């Protein structure tokens, strides 16, 4: 290779993006640790543990959103099962966290508590190695990756597309959820894993650990963004876009869409798994409801709100929706679904490209207001305008990788 | 045995004396208050044959109005306390009475006792019911009664039941001939419980050191008769069980279908990924609830018809909600199915919470009208619940309606054309916006009908729709998007498949297997069961 | 500050809103009542209501927020075990105080939690004993039917061990589970029918939530009457029965520590207070609101906490925990409940009720006095050392 | 019949596609519109059909202003449209596609026989789905659909594309006949110069969104239209 | 090729799901033209629900040849191309590319990779990508995932793209999104993509539909210049275009060959006049 890959990751970033990344890194790696660890609790700028954990959690969601955007926004494959990959990563790392409890559980046994009271004599085989940090980190990537690879291999090979794909991913996560609910499955039933104590021997509740997890999440997010950006601007990304547009045409010029889809799909699942692994120690629980179909739909909703097909949009969407949810469930606990519901409707109606699309439009408007020409109103609010912008596209909703 | 006969005698004499209240000897009544269950039951049996007065007491006991006031048996009517012995009201507060607790045991004793009386004296319906009760609760004591009934009864159905009941008792007889006759007679039964009775007859007692012991029943002819009867019953039972599974599969299928049909239009035909579909079901169910309440308060005498009245109401209310959704939000999203996912997800949040704050978060109570309650016994051993039968029929009705609408009307053709090529449909003169609204309204209305049907089976609450949305999408997609016939076969296929699996593996594993099956099936047919074929399909 | 903040952590949206909203209501009512009577140590209570939206991680987040941001002195909340498990580490880390009002599977005992609902021995075991008694129908065969998750699975595990110890062989026990939200009980009812042909049978149902409606509907329509095969439920109370037409269900049973129908002045006052509160606060369907066991447990919990605070003279968590042990309260159930000195669970009476046609329960059996909780079931291996607790 | 005045159209945020077009399409005559690829012919027709909004200018049909009318009202007013790229309804049968052409007529209207006279293959393939037809068959279907309801103004966007020579001849004859019957105005966009020339009563030559030449059909050769197109 | 993960494998290596167990495996560039025949169709039959779109069609195209296929609408021309490119599987019959490559057993990408390029009857370009990107993707290159991940355009490749842009007269539109092109422009773009692909055999379905006469002429010139190096199969209804191409003409009718030979002869054939040209 001519230039090291890490350099190439940064090389084609526009200046504004580099500045934004730098600011973000500064905030995540300097401001948050200082505000949480150094400033005393009474200080006005002190950042409480609540906020660090909350922001850390949202960072994990952002990673998931980026992973989702890669597959949905850029490859046109809507997955309604990404919650499962996230949860699998979480469970993989959760096993390690459970093992780290050691004999501090209620029963003082080497086995996790739930195994004791379900009368398991020993760890099931798939828990082998779960006391190794590195192995479980590997599992957190490998399990979602392998599941995604196998599933994707069959699905893409059979040319399952559009809603058909979406629905079977939904079936997949739903089946996984039911499976994990069972006590026999060996993952704690619906209670899942909780009451973690340590990572690598360090208390999980210490402020330092909290900041470390936060910083790791931020690092992973930055990595995902750079990687995503690199992918979508590479020829690989253009092939993906082409597949999204006209898969059969792509085959006729000699690309095998199966391999392309499978690669991005698996990558996306692996990123989700990593996000899940970081999420679990920060929120302190992993249980099967993370695999519920609604959770996966929500991931898609974040991306749509932020702006599908824009990495930063995915990040913004995950942030906005989750902060809004946090804010509303506290201030208007009984009415927050109205707020959130109307937010989603408003975004679709008034920001067809999501929040990021709106921002972009505002910018380009301001910058390129032609003096002599009166631009046509291009927000498709009249049926005719709608039809016009559509006539260049395929109308069949199924063909468009819905 | 002897004691009850004696009591009977006493009672009959007292009854002849004509004084209703005096007819109930104090020891009978005090027996009711006894700590011993046996005595209580005896007292109840005595009451059952004690004529109108006894019946009155039994009614009071069942209604929980019977009690004791300082050990004196009394009936509480509203606020007045009536002395059982004298029939006179007492100067006592109802709250001072310590009521006799009725529980299942007492209730069963009452019904058995009553049946014993009604079997001879009741109306035809009462006799049949009594015979059914007694088959399960036969005892030696009743043998003379059975013999009389077999002799005198005019209704064959009652007679057959009593023969079975009698045979059950006689199976324990000391006389091999009786036992053989009983075992033979029981061969006509379709009741699994009879198998439990017969089985011991053909088994050996445990012998020494693993060697076979003596037969439970020493008489070979009895054993042979029992074995024959067991085979006959098992065959009948197995047949009934299979029919029952198929029916329950069809029934589940029809529920899936009704839940999915609306979606087959809004999503399948129009291409709107309608995440608020479940909430349209909910709207239909709530509309049904409101209709029920109107009937309950305004026309209680016509309460049984509320479901019929709810059919148009559920349709139009859900359709109206659909129109509002379409006009305000979805019309801007045609051809952008992904955005419709987002917007309808928002709509669904709003609708759920709206239901929650207006109707409360709890489930609402919906009663089946009487003609949808209970079950019909198709043949012995197989009874099908009415509400399910009605719903299977209803799903056929709705299906027919939609099929006619989509295939036989111009509107249906317009809808299909508009969704295939919206601008061009306008260019041949179709008012696309109006067609969209109409089509969405119909889809929503059909979802409302689905909600109505669900309200007769499952719970009605703000989040009820969430439970159906996943299944509905599975049905539509498995069938092949846009294919009505596909949705139908998918729904019934899944229904029956699920039910057979459930029998094998239990509900949880069955559900998981069904999902896995769907995933694998789509691999084989990536466009659903009724895949669109043709060159346009993959372009 | 001159108010004491208390957190209320119940889902007001999502799947659990159906159950938890009423607990939020009763908590607010209790707080109003306490405030009207002069508050706690002369200070008014200030409720902080948040909505964890049936989302388990969100429970933990909200709990942390209540304790660290809102600085509440105590939190009343959670319904499902998983939500409790989710907030536990937070309460432990921040030394908060949680009152948990729902019956649960036990196998847990945390310093920062007071359990005002039933442990398995305060509900499941007595109910099973009742079914086996002459009076309860002398059942010898049992169907253990539940929703597939930890609470039913654990309860049934305990019950199976218990039944075995009573000489019921495994062949006379049928165990079945359904997924959450399962709505088609045809097969299961048919199986129960089949199973019950083998002898006197009772069903012990740990079906949770929404599945109960279709289950009871099917039961009613299939003609399985309570006199033949009684069903005793551990998660069906007055609130759940609001969604069911109970006429066909006459005689089926539920085991709790409180029923709305219990007849005593304390309960009368409790019920009418709640009715009035519901009306005054425009609760939907205010004229038909009901009370149930977890609501009573919430009410008892808040009041006991108040007493403990007053005894301790402070809201300091450790002091209050110390003061809680041995607190007593005349509960609406008609019994004087005591907080155990050591095990953070209430001594509770066990009541078995039969469904009436108005959706209420008739108490058909009850313990003479409250019984002590055994959070660690003797029927679970490994608990031998903990049984004293 | 059709009168267009000073029509302007812009696409998404700036590009000026139609720049003040004015022309008339008289009844009983064939008016052809020619122009190189991408000059805006299709855009113009779409604007006439109401598929894209016009920013400025007026369109009148028989004196009635239809500038702002939605597509279906324009069809009801008597415009039949054969779009570029066929745009048939792929999942409707051939018969249904033709029936769609009668959308503005009462429900009982029948598909007129002349459609089948012109395109016998359609009768043969009546129950096949539109999307399964070959390209040329689809093009025939699109023309048949537009003719079905007897429009007063027929707009055709490159109707001969993909059609076999013998049928092109038939189409030419048909267009002639329709025009000569005196009841129909025809606006034809065509790249196939010879075909256009043979049919035209009037021609319009478009370049960069403007009409740069116009004249009588028989003058096309003389005016050097072919050369204009070739640049 | 030190690749071990399946999805990074060479398309020709990928276990094809359609092929039988003893599937013919072919490697890049293994095209065997020893008998000068590049395309060999024998007895191909395709039917849809009983309708025979191709009926025992047999046809050979020589390497370097420019073959025109004409025939009435619905004769089966597009279907024939579908068979060659693997889009439609024949019910029976053989289709060989060169001597050895059995097209009926390969997937579309495999076929494309072997060197068969196609232009569709309805122009299909990647509407969301720019004109430049469309050409870039079509460009002959290693098309495996791993390459695409790290691919960068060399100067030489850039030159090739701009040459092609010039050739198809879309230089000005290079950065426009292809979806916004006019119909004719899309036709050109698709031809451009085909050129970038450098296939051995080009299948062109009605390439000049919607082009002006002048453009048609230029296209004809282009195709003629490609012949020899490449083999071309062109379907058209425009007789002047076919004439300008000057190659051998095959007339299809009802799924099989009705006539073939030089255009002059074919045009004189009564049957061809009857079913196709008209009088």
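Which chain is which? They are A, B, C, D and E, in the order written, and residues in each are numbered from 1.
The rule is simple: contacts are C-beta pairs under 8 Å (C-beta built on N, C-alpha and C of every residue); 3 or more make two chains touch, one makes a residue touch a chain.
Quick caveat, the model's predicted, so the values are computed rather than measured.
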{"item": "Least hop count linking subunit C to subunit E through chains in contact", "value": "2"}
{"item": "Most centrally placed chain - per-chain CA mean versus overall CA mean", "value": "A"}
{"item": "Per Cα centroids, the chain farthest from subunit A", "value": "D"}
{"item": "Separation of mean Cα positions, subunit D and subunit A [Å, integer]", "value": "50"}
{"item": "Rounded Å distance, subunit B centre to subunit C centre (Cα mean)", "value": "28"}
{"item": "Separation of mean Cα positions, subunit E and subunit B [Å, integer]", "value": "64"}
{"item": "Separation of subunit A from subunit B, taking each centre as the mean of its C-alpha atoms, in whole Å", "value": "44"}
{"item": "Sequence positions of subunit E contacting 2 or more other chains", "value": "48, 180"}
{"item": "Residues within subunit B bordering two or more other chains", "value": "352-353, 357, 420-421, 423, 426, 432-433, 466, 508, 511, 534-535"}
{"item": "Junction residues of subunit D, two or more chains touched", "value": "11, 50-51, 70-71, 132"}
{"item": "Contacting residues of subunit B [partner subunit D, same complex]", "value": "410, 413-414, 416-417, 420-421, 423-433, 482, 532, 534-537"}
{"item": "Of subunit B, residues touching subunit A in the complex", "value": "271, 273, 275, 329, 331-343, 345-350, 352-354, 357, 420-423, 426, 432-433, 466, 470, 473-474, 477-478, 481, 508, 511-512, 515-516, 518-519, 522-524, 526-528, 538-539"}
{"item": "Contacting residues of subunit D [partner subunit B, same complex]", "value": "49-51, 70-72, 75-76, 81, 83, 87-92, 96, 99-101, 103-104, 107, 129-132, 145-146, 149"}
{"item": "Complex interface listing, subunit D residues touching subunit E", "value": "11, 36-38, 42, 84-85, 121, 128, 132-137, 139-140, 158, 161-170, 191-193, 226, 229-231"}
{"item": "Complex contact set, residues of subunit A against subunit E", "value": "1, 149, 153, 157, 231, 234-236, 238-239, 241-242, 244-246, 248-260, 262-263, 392-393"}
